[in-house]
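Next come two complexes, and both contain chain A; in the first it sits with chain B, in the second with chain C.
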Partner chain A sequence: MSRPKARFSYSNLLDLLVPIVSILLGLIVGMILIAVAGKNPLGAYGAMFSGAFGSINSISEVIIKTAILTFTGLSVAFAYKVGLFNIGAEGQFIIGAITAAFLGHWIHLPGILHIPVIMVASFIMGGLWAAIAGWLKVTRGVHEVISTIMLNWIAVYLVENWLVTGPLSAVKATGSSDAGTPIIDGSAMLWRFIAYPPDQAGRIGLLVVIFLVAAIVAHYILNRSPIAKATNLILSLVVGAGVAALSSIAIFQWQYGIPGDRANIGIFFAMAAVAITFILLYRTVTGYEIRATGFNQEAARYAGINIKQRTILTMFIAGGLSGLAGMLMICGTERRFPGVFPGGYGFDGIAMALIGQNSPIGTFLASVLFGIIRGGATSMQLPPYEIHKTFADIIQGSVVLFIAANNIIRYLLMFPFKRKGEVD
Partner chain B sequence: MEPVIELKGITKQFPAVLANDHIDMSIRKKEVFAIVGENGAGKTTLMNIIYGLYQPDSGKILIRGKETRINGPHQAIAEGIGMVHQHFMLVPVLTVAENIVLGIEPTKAGLVMDMDRARKEVAEFSQKYGMPIDPDARVEYLPVGMQQRVEIIKALFRGAEILILDEPTAVLTPLEREGLFLTINALIEQGKTVIFISHKLNEVMAIADRIAVLRGGRVMGVVDSKETSEAQLARMMVGRDVVLDIAKNPQKLGELVLEVQDLRAKNERGLDAVKGISFHLRRGEILGIAGVEGNGQTELIRVLTGMAKAESGKVLVNRKEMTGATVKSLRRAGIAHIPQDRLRTGLILPFNISENIVLGMHAEPPFARGIVQQRAEVNRFAKEKEDEFDVRPRDITVKAKSLSGGNQQKVIIAREVSSGPEVMIAAQPTRGLDIGATEFVHRKLLEERDKGKAVLLQSLELEEILSLSDRVMVMYGGEIVGCFETKTTNEDELAHYMLGLKRQEHVKA
Partner chain C sequence: MFQQILIAALFSMLQFGTPILIAGLGGVISENSGVVNLALEGIMRMGGFFAVVGAYYTGNPWLGLALGIGMGAVMGLLAAWVTVSWRGDQVVYGVAVNVFALGGMTYLLQLFFNTTGHSPPVSSFSSGVVISPTFAQGLLVFLVVGLTYAVVSWSMARMKRSNAKKTLILTAVIGLPLGIAFSFFAPAREVVFGAFNKQTIFVYFALILPFLLHFLLYQTKWGLRIRAVGENPKAADTLGINIYVIRYACVILSYVFGAIAGASMSIGQLDIFDNHMPAGKGFIALAAMIFGKWKPLGTLAAVLFFTLAGVAGDLIQGLSTTYPVLASIPRGWLNAFPYMLTLLALAGFVGRAVPPAADGIPYEKGEK
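Coming up: the complex of A and B.
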């Protein structure tokens, strides 16, 4: 089996350069604003990056933010592949979160089962919430931007203003005076890098999962090279075992190495989601049909693709990804649905997808970058800079603006080539 | 006659191709000068140079004997050169008059637009050149032929003496084409010069005084239309003998595969478009559907291929009722479809060749196992078909949007033929293709027929239908008004039926 050589043209390069240049321009805009405010821009940026990496605590925050942003970003990017603009990631995120908070406290299962059950449920609930918009789109022609925005508000009022303060509140459930829902069971908490609670069965389960995933990925990759099937199987098992062995050090030892912080294995879930969405989009019939529908509905119909069904399915999966973001927030970071919900990740997901050019890997990279910027922005609040932490929003906003104006950037980048002319 | 435009050694190099290679030509006043050549021969590049959209790398342009550097369209217009592009540059929601005066609007006191004067001037103008048009009609509601007329008047209104028409007939119906030719003749009489770009040889033979043939960016010769023949032009264009008349093998008629009974369907606007059509199609035959555009052919084919639903009537494939079946089940039943619009329907332009070449078969083995795509199998298949169907470039990772029209069509035909169909439904399969590609498509359709498949061929080109089909049915106003053995009919007879002047009492199709 030989793979065709990828052709790399200047236009491919441009696709790559546009987001990078936009990010740089966004950072420059940020510097100008700091300078206008009479502060030292380079110093402030230095504080931001040292803030992001300066302590275990801040690295931990970066990791949490990255994981959640990745999920909501993937959600928006995935919907975009079928041609829909999922403004509703925030609502799906909230629905996924309340589902996790509910199942985390009200059902009781062993650790190895509790988290998978919550994941599936949050995915389905977030997915159904988004599928409403997909269904309205294909049956009634309701524009998804309108319906998802409305669903966002319905989710906010339903969950934050009713369920969390009413039937699902900690006050009602346990009689405690805490705001928000009650704390979830230990078995529903994602393992933090300092393990809590010390759940040996859970860790062993995790190890098994890591072993399986590594072996399957290795098998898939080796399958593309000309080696015998039996050799492939043995090599895959060896790779799986190796990765699991290395991971075991982290899983069993980290509690001694790193002081207590909120970073958790959610980041691995996020990475797995990147790989899975990539494979789903580019290596399966379903993904092919989704992309075909997104590019050209008429041609998709001509090919016998059920457009309506694909559109709803895509929205379901997109909503499911946002739902998982909510699950990470509850089971990983907050451990309850808090009285004051740290929302906004759904809307930030739109920016991540745009900056990542709607590719799964691009979205992940954008999430890492903005995880860092957001994590570090907190440190800029301290003297001598005293820059409000919403500064991260300014950078994010201006990057999105430059991405949206990508034709201008393309034009500027094309300029040295323009004179030589293009092929008509 | 003194030349109005002379080109001397015009050369234009693009990164990958030498589009124009030392082109010399001189165009005389009051003549129709045609430039023919296959897609990619450099016709459009040359015209864009004359119109100032590109600068040549070397060579010079003389206008009325004076060397001129044309820096942009505004300067070309100032020099009296007008261009009507293949794709019109009109604002659909504005009226005819508004479009024509756009950018040079007459004003009252230099401030307020004087619409009355604009309307009057446009009316006078269209009268003078014998191109009647309603200045108040909204452009979006005009038929294509009329829109083209607006473009021509727009150019003349800006003082064009030399008019470049880029593939002007590509979008026209045969009737509109006649109208355009009358307009061109009128323009010549008024002392204008027309440069006519085309790759349709019968047209340039009919309208042009002299014909320049381009191939691979070079001028292969300039000939007088009275002293040449289509065959000679075709040879110059393609560089080898081209079979214009197709030799057909004797027909081996097989059993019935497609039967349509009293089919009725509406168009996208909800109006009746197909009004009770019945016909049958047997293995080993090509059944042609002739007709002027907009007489229900498109809707009929959409219903037969599952892209639209019928109102009533029956469709039987291999004697099994398939009325209202989905595209997917019709494809499984052996219906292949070469759609009339390859860009909008036949291809997914951002997909590469190998992704496009399995479109419609993408979920079937061996291209998929369960939901997992078998990319190695897809790529192997794509490579094989690229060789078999001579798709260029031989690179399966090239996106469909960067292929030439002929190669795009080859991808579609490769796919539809290899889907192993029982019935091949081809809608205008050679629209916009050059001679070489047209010949290829025709050969493939005949091969299908000789293999014992049934072919339903819809085309607006009567010549194509007559040379390929075994039987022809004519559609007019959503009905079949006549059905003929190709051997016993001719273009004249069919034209009468196409225009609704005649109809058979009992059509047996």
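Coming up: the complex of A and C.
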């Protein structure tokens, strides 16, 4: 397939530079704040980044956070493609989480079925929760920012102040005094990098899936560049084999994993989700229609695209992605809906999508970066820095602030070229 | 017994509703000029924190409030610069401020007070204003007249007969006698006295503000300009209105109200800054603003309604000994109720809510 070669221009480069410069400026704002407190900013950042990779345990936390952030980020980015701003990722995340916690304990299935069933259910429940906003948008003209904010709080209160403390509480279910819902079945737990359950066939199957996903993604990405088909095939197989080989190290060392290490195969799901959303958006008719609708609704309508149906579908998929993030948190990390829910991933997902410029791969890269920052921020809490881990929010907030102010950054970056007028 | 419960409920309604109302009105002023303010939650947090810092170092709550307001004004200026002058995405900016405030205030709390829980007690307004029965009587008249005014102007707008003079005359004819009659009705006087005694100054501010804003928006030329800019900036520009001046003023005012709302929680209701503040009140304020159809008096009504749902939990707990069936309503449902109602309102089941036409759209001079 031949495509017109992307014309290189400084303006194209700017699209890439803006998020990078925003990240750098955000990091600098953080450094200034640390310096104002009379502490050594470089030392603190050093502690943060080395802390993120300092022990198996902290790497494990980075992996967990990256996986969940990727899902909520993809959720926001996906909705953005149809022109909707999904502030409701948090609510969909909570709905997905409670669905997983419920199905994990109250239905009993063999291991091979339990997790897929929970995944589908969390996807559907999160999707339906978001589809309410999509439906309100197309039938009633309700702005999705407002409706999803409302849906967020409804989800928070109904789940945390009613379901988790009432009908689904561990106290009611098992009579234990633990806060939150009861522990889910073993069959519903995502495999951690310590062996659970010891299942060789499953691991090999997983390796095959990883291989296929990596190869397909590589194939599609390479397909965009002007190389021969045969080379493309060989290269994608090599990439797939490489990724599978790398992950096999993790997969077959699971049984030697260190206790306390909570990282799980969710990260592979997240990578697969990046690939799937990428393909869905850029390589299918549905994806094309979704993007066309987001780009110019009137033109899309004129071209015969069913705008209403595409909008609701997009919100459904976006909500489903957030729902899966919730499922990852329950089945992978927490193994119950805890009494004090470690929320906020939905709101962070907004930042991930914005920083990743609403592209699946950009969102993933942003999630990796902030997975590292959030995972490492706990290390700054120790002396001599004693900076609370919510410092990550400062960095994240300022980066998004600079993204919002992207016109200023573009203007400054254009300055050396002294072009007059519009900077687009 | 029943009067006691009523007084307690009204007292906590006023406490609970004050920050929401002030912040909601901040949203009203900004969005009427066409700038979405999603940052209310974050700005309440900042305002609340800096009010405590100011009060801590000066020992004077008024100076604390001044610092909070100053902080709000500076943040508002920044917001206006980015979103109005540089046409930054208003929603994204709001999200950024909320996230930044979350981490930033925790960081500053640790820096200033060496804790991540709550600040030490500072001098504050929390002891409240002790009022006399005569004052309560006057207050009752004010409340009845204010309520009458709201109802009259609402129904006149409903009949498409909005007229400032007629509204005032009707209010005076109906409200004043009614208010004076009520003020000689002892139980009503006692309830008002009980509900308002030892409330903070913020409560009075919040009660007067909607009427002030209503007057500003609908009875002055500046209000007309603000609404024109929010509905059709191009037409307003053609008529020689400076869009940027109006929007800057409204955004800064909006952030100042947000900061006052935050201060009303930290140095108003309490005398500390708690790291959980404002615990979603900024978003309730947003909901109230929408439920109130972007109008000051509408927002007042919405907040009254939301606070009723908010204190319903306490009320139900108080009444559940007498009526056991009430105890079976889960708290989560009561918490979620205002939001469900807002969603229904938005969907048009409970009166349609339509934002100002140019709300959220950056304006660029000379754009086609």
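Convention: the second predicted complex is superposed on the first by the 357 of 424 C-alpha atoms of A that agree within 3 Å, B and C clash if a C-alpha of one lies under 4 Å from a C-alpha of the other, contacts with A are read in each partner's own complex, and residues count from 1 in each chain.
The rule we apply is simple: a residue touches a chain if its C-beta (ideal position, glycine included) is under 8 Å from a C-beta of that chain, and two chains touch if they have at least 3 such contacts.
All values derive from a computational prediction rather than experimental measurement.
Of the two partner chains placed by the overlay, only chain C lies in contact with A:396; chain B stays clear of it. In the superposition on chain A, A:140 contacts chain C only, with no contact to chain B.
In the superposition on chain A, A:163 contacts chain C only, with no contact to chain B.
Of the two partner chains placed by the overlay, only chain C lies in contact with A:351; chain B stays clear of it. More residues of chain A lie in contact with C than with the other chain of the pair chain B and chain C. In the overlay built on the shared chain, the residue A:284 is in contact with chain B alone; chain C does not reach it.
By the touch criterion defined above, A:309 reaches neither chain B nor chain C. Shared-chain residue A:292: touches chain B; no touch with chain C.
By the touch criterion stated above, chain A contacts chain B in their complex at residues 1, 3-7, 224, 283-286, 288-289, 291-292, 295-296, 298-304, 306, 420-424.
Against chain C, the residues of chain A that register as touching in their complex are 33, 37, 85, 87, 136, 140, 142-143, 145-147, 149-151, 153-154, 157-163, 165-166, 347-348, 350-351, 354, 386-388, 390-398, 400-401, 403-408. Interface residues of chain B facing chain A in the complex, by the touch rule stated above, are 12, 14-17, 19, 44-45, 48, 54, 305-307, 326-328, 330-331, 337, 339, 344-351, 354-355, 359-360, 362-363, 368, 371-373, 375-376, 379, 395-398. Looking at the complex, you find that chain C touches chain A at residues 36, 38, 82-83, 86-89, 91-93, 95-104, 106-107, 110-111, 116, 280, 283-284, 286-287, 290, 330-333, 335-336, 339-340, 342-343, 346-348, 355.
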